[in-house]
Amino acid sequence: MIDIWEGLQAAFWLVVTFDAELWAISLRSLQVSLSAVVVASLIAIPFGTFLAVQRFRYRRLAISIMNALMGLPPVVVGLMLYILLSRSGPFGVLGLLFTPTAMIIAQVIIITPLIASIAHQAMRELWAEYHDLLISLHTTKWQRIRTLIWDGRRNLLTASLAGFGRAIGEVGAIMIVGGNIDNATRVLTTAIALETGKGDFALALGLGFVLIGLALAVNIAIHWLSRTEREGRW
Amino acid sequence: MIDIWEGLQAAFWLVVTFDAELWAISLRSLQVSLSAVVVASLIAIPFGTFLAVQRFRYRRLAISIMNALMGLPPVVVGLMLYILLSRSGPFGVLGLLFTPTAMIIAQVIIITPLIASIAHQAMRELWAEYHDLLISLHTTKWQRIRTLIWDGRRNLLTASLAGFGRAIGEVGAIMIVGGNIDNATRVLTTAIALETGKGDFALALGLGFVLIGLALAVNIAIHWLSRTEREGRW
Amino acid sequence: MSNLFPLTMTDCVVRRQGKTVLGPVSLTVDQGGPTIIIGPNGSGKTTLLRVMHGIERLSAGAADWAQNDQGRQAYVFQSPIVLRRSVADNLRYPLQLIGVAKAEIEVAATAWLDRIGLSDIRNTRASRLSGGERQKLAIARALIRDPDVLFLDEPCANLDGHATREIEALLQETAAAGTRIIMSTHDMGQARRLAQDVIFMIAGKVHEKGAASDVLATPGTPELQAFLNGDIVT
Amino acid sequence: MSNLFPLTMTDCVVRRQGKTVLGPVSLTVDQGGPTIIIGPNGSGKTTLLRVMHGIERLSAGAADWAQNDQGRQAYVFQSPIVLRRSVADNLRYPLQLIGVAKAEIEVAATAWLDRIGLSDIRNTRASRLSGGERQKLAIARALIRDPDVLFLDEPCANLDGHATREIEALLQETAAAGTRIIMSTHDMGQARRLAQDVIFMIAGKVHEKGAASDVLATPGTPELQAFLNGDIVT
Amino acid sequence: RLAVTTSFENSGLADVLLPAIKADTGIEVQLLVVGTGQALRLGEAGDVDAILVHSKAAEEAFVSDGYGTHRRKIMFNDFVLIGPADDPSAIADADSAVDAMRRIAEQGGPFVSRGDDSGTHKAELQLWAAAGLPVDGFGPSYLSVGAGMGAALNTASGINAYILADRASWLNFGNKGDLALLFAGDPALFNQYAYLPVNPEKHPSVRNDLALQLEDWLTGETAAELINGYEINGEALFVFNAQP
């Protein structure tokens, strides 16, 4: 118990003293995870919407696979990406291993199925409502997808926020492809893992509280910006 | 690249030879994650529905916090739980540390906000549809929640499946509170982390493929049982 | 069972987004024959009914029943809200809520299914009904609890001539059995057939009211005269 | 602009869940005055309109337009589907879909807002409109693309006497300008005022059809006679 | 880029060496802290320029398979036996490491093993072998946790178990609980760290020039002073033993 209290103290001091390293690490965490969320949303939201709009033969199977991919274990993603990006791997020449870019790629792979799945579920409801009208207006597939995304944007926020949550707290994959290199690829989660290994629980918890605070701040900021709740229901 | 191929081979041989240890580990993975999903769903679904149904002063804040908690870093959860459960901690007498129960508790903490958040979003739509009728019928709060859960059960499936996905692939927290003890608390993800550390990438990948297969099987089974897609839209 | 009546409305005002949607309206509703609310589109009929039923938030004023027991009121909405369940389950629902015994519920549901002619499709999902069938279901669901007051918002808008007559007969029976009926309609024929009292609304205000025999036969204002002729009224 | 007509329907059958909802129906629809579809609730009016418009899956038979250009058809649904946008945006939407220039869209939207009397609330969310306002919006949205064929499913069910007259006048103008109107209604007065041809349906089949002057004045079958009297028909 | 084992990173020595390296040679060393096996794999794949580990047999295989150019001893520290402060097996009185292990086995543990094929794990297995005790004969009191040094120490602390750790990790370890250092000093517990540059013939992209420059520095006098002088709580941890 003493440790948790010490953790809070550590977090407090880290924050109030504007610890330079903490800043760098936190900013890198944010930058990597936000980039990953943007990229993943750009892929996942249209894809999830497409699955809601389009009936095709293997649709049910595709949805099951998408749901199952939510369970892609980060370590496995990290490992496969490592093999691909390694010097001796097919994309080795790009020199991406142990860079923030590699970490972003890993997070994109991990959160895309999650975002797509939540987006699909949200869009299914809206599609049921709009179906007849959009069919009658003779919309193209792409117009349907765009209309649903636009009119359902508030619901899609939950999808992206869930993706962000998973990305910012993720450690298994980025540890492998990022390498937790000081001043280069160390982010909050990998720093926490490192301190935990050293047994410095107070510092680890302190970093953890900073991370939670960061996630909270991002969520509140986005909620506030989008005013999801203020504008009420349709 | 050779590793990925070897990984597939490893997975193949592990499965066709009914490797006893693999079976034990896989079953433990399933048991831990399914238990966690059941417990977390029992908490999160009513809570998410409650947030959809009830207007109160700090509702927006509660929703933001819930969304932010989706970003609870597993290592931090693991760490705090470790401190609470360790012999010198307040719950040390229970002797739960390094048992599957501790792992279930950790996963419940991690996936409850995710399930609650997705459930909340799904229930918000349904509540908008039912609002007037249920108010007019003079339902109690609890009846409203029950009606929404029952009529929206197909949408809640995505929430639980997302939780399952996150649970089965999670490694950071259960490594700390479970300890990855051979024959006791080793599950697929911690075994993968171990083999990765050892540098046996082929075996690690092999286990990873088994894990993905498992997640896929669970998803397809649940989809099939619930016939989400076959019964079509309302 | 004590008496709900009278309902006393004092200076009720409903403002939405800076626009006065209703009021100020002061009214007393006591026991008696059917009251029919008429008036142009957007004149506030629906809003007035909702205020009486107690499901619309007032911006000013008060609307109070002598006894506050909303469970003895029922409301049929303008566009029928059906639960995502079968036809029969929609009928069972209000009785289940108040804990009526199973056997009794079955008796009541079967009787009402016969009465509205939907016995053949009792197990179809309610969302698949035609517009008219849905409206009849909503009326039956409102009546199944045998309310003391029944509000109906344009209940026959989607019904054919025969069904309209049937519903009118049903409402007359219901009224004769002591249920207070308050209803809006655009069908002046229906108003003449059913009304004992009439409330004529324009632009959110009660413009004229009184016994149907007086008001409809000899309109007291040029506006009502024009409205009955189908001319423009604002 | 080549000719869409005629629409040829041969032995069209719609079965849903083992029940024959429509047909077999064989019909030819050519240019001409308004066709009004009448019949009891659940007789298949909506289904027939949807088959003609090409948005209902046929179980057997075929319904083909001479020229397959669904973009020149428009449909007003029985319960109006409004997009989760403002009133004005709902009107703009069909034009935006076909890439009309912004300035032109504004002109058309403003003109229609005036015509249906919703200019004052152009920026209100469409979901907040009263039942009648919503219906008018849906009609305007269907007409804004100036279709060759216009289907309407009980368009005046929620309208007051004045609005009904207005819409009828609008439809007559539209018909005079060359748009083919096919509409269902339960209002026999309206049928008499608008119809050039009448289709009378019972139990999914076309029971009688012909010029309105003949059919409505001298019903050829006892069923139609009964229906016009408001008696029961099955 | 240099891949190192978790025990090296946990010792804290890196925080002393890296700034000095940067100041003297201008090389910015990026440390990848991984398990020994994973470090060797990173070297084989050419993803790092050199590795610093402590597992003699595996290192020799690495060189003989042509992945590394050579193996250069840098320094050693020692392993220590950690256990509950009240020492139920009385290993503090043991006269050799092997004897201590026997006492733990007799008393019935519990004993936490790294179980991850790391240098520490291999050293532990050698001790068991020398004591003539088969590892799989212990039953549930022998916990193979398959984790890094820090995590294994956390586990041992959580259940008050015996564990073999390197001295540096132990001293730096913050979550000591009721654990205490009970036995140390047997030469059988010495732990040699070696530096292996990755073979540039196999992987042209590795910065062999920097790796060699770093090797020169690590085997030089400044490094010797820093390594020998590195103390935690007043205890020297490492003994510099590179052959110039």
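For clarity, chains are labelled A, B, C, D and E in written order, and residue numbers in each chain start from 1.
Throughout what follows, contacts are C-beta pairs under 8 Å (C-beta built on N, C-alpha and C of every residue); 3 or more make two chains touch, one makes a residue touch a chain.
Everything quoted here is computed from the prediction, not taken from an experiment.
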- Task: Determine the set of chains touching chain C that also touch chain D.
- Result: none
- When you check each chain against chain A and chain E, which touch both of them? B
- Separation of chain A from chain C in touching-chain steps, minimised, is 2
- Could you pull out the chain whose C-alpha mean position is farthest off from that of chain C? E
- Write down the chain pair with more C-beta contact pairs when B-C is set against B-E. B-E
- Between chain B and chain E, the Cα-mean centres are separated in Å by 36
- Query: Using the average of all C-alpha atoms in each chain as its centre, how far is it in Å between chain A and chain D?
  - Reply: 47
- Compute the distance, rounded to whole Å, between the mean C-alpha positions of chain D and chain E. 81
- Multi-partner residues of chain E (each touching 2 or more other chains): 148, 151, 154, 157
- Find every residue in chain A that makes contact with two or more other chains and list them. 89, 196, 201, 234
- Item | Where chain C touches two or more other chains, by residue | none
- Pairs of chains, among all present, that meet the touch criterion: A-B, A-D, A-E, B-C, B-E, C-D
- Query: Which of the residues in chain C come into contact with chain D in the complex?
  - Reply: 16-17, 19, 39-42, 46, 78-79, 121, 124, 128-133, 136, 153-154, 157-165, 186, 188, 227-233
- Note on the structure: Touching chain A in the complex, chain E uses residues 1, 6, 9-10, 30-33, 44-47, 148-151, 153-154, 157, 172-176, 203, 205-206
- Query: Which residues of chain A touch chain D in their complex?
  - Reply: 126, 129-130, 132-133, 135-139, 143, 147, 151-152, 234
- Over in the complex, which chain B residues touch chain A? Could you list them? 1, 3-4, 59-61, 63-65, 67-76, 78-80, 82-84, 89-90, 113-114, 117-118, 120-122, 124-125, 127-128, 131, 155, 158, 161-162, 164-169, 171-172, 176, 188-189, 192-193, 196, 201, 204-205, 208-209, 211-212, 215-216, 218-220, 223, 228-230, 233-234
- Message: Per the contact definition, I'd like the list of chain E residues that touch chain B in the complex.
- Response: 34-41, 115-118, 140, 143-148, 151, 154-155, 157-160, 177-178
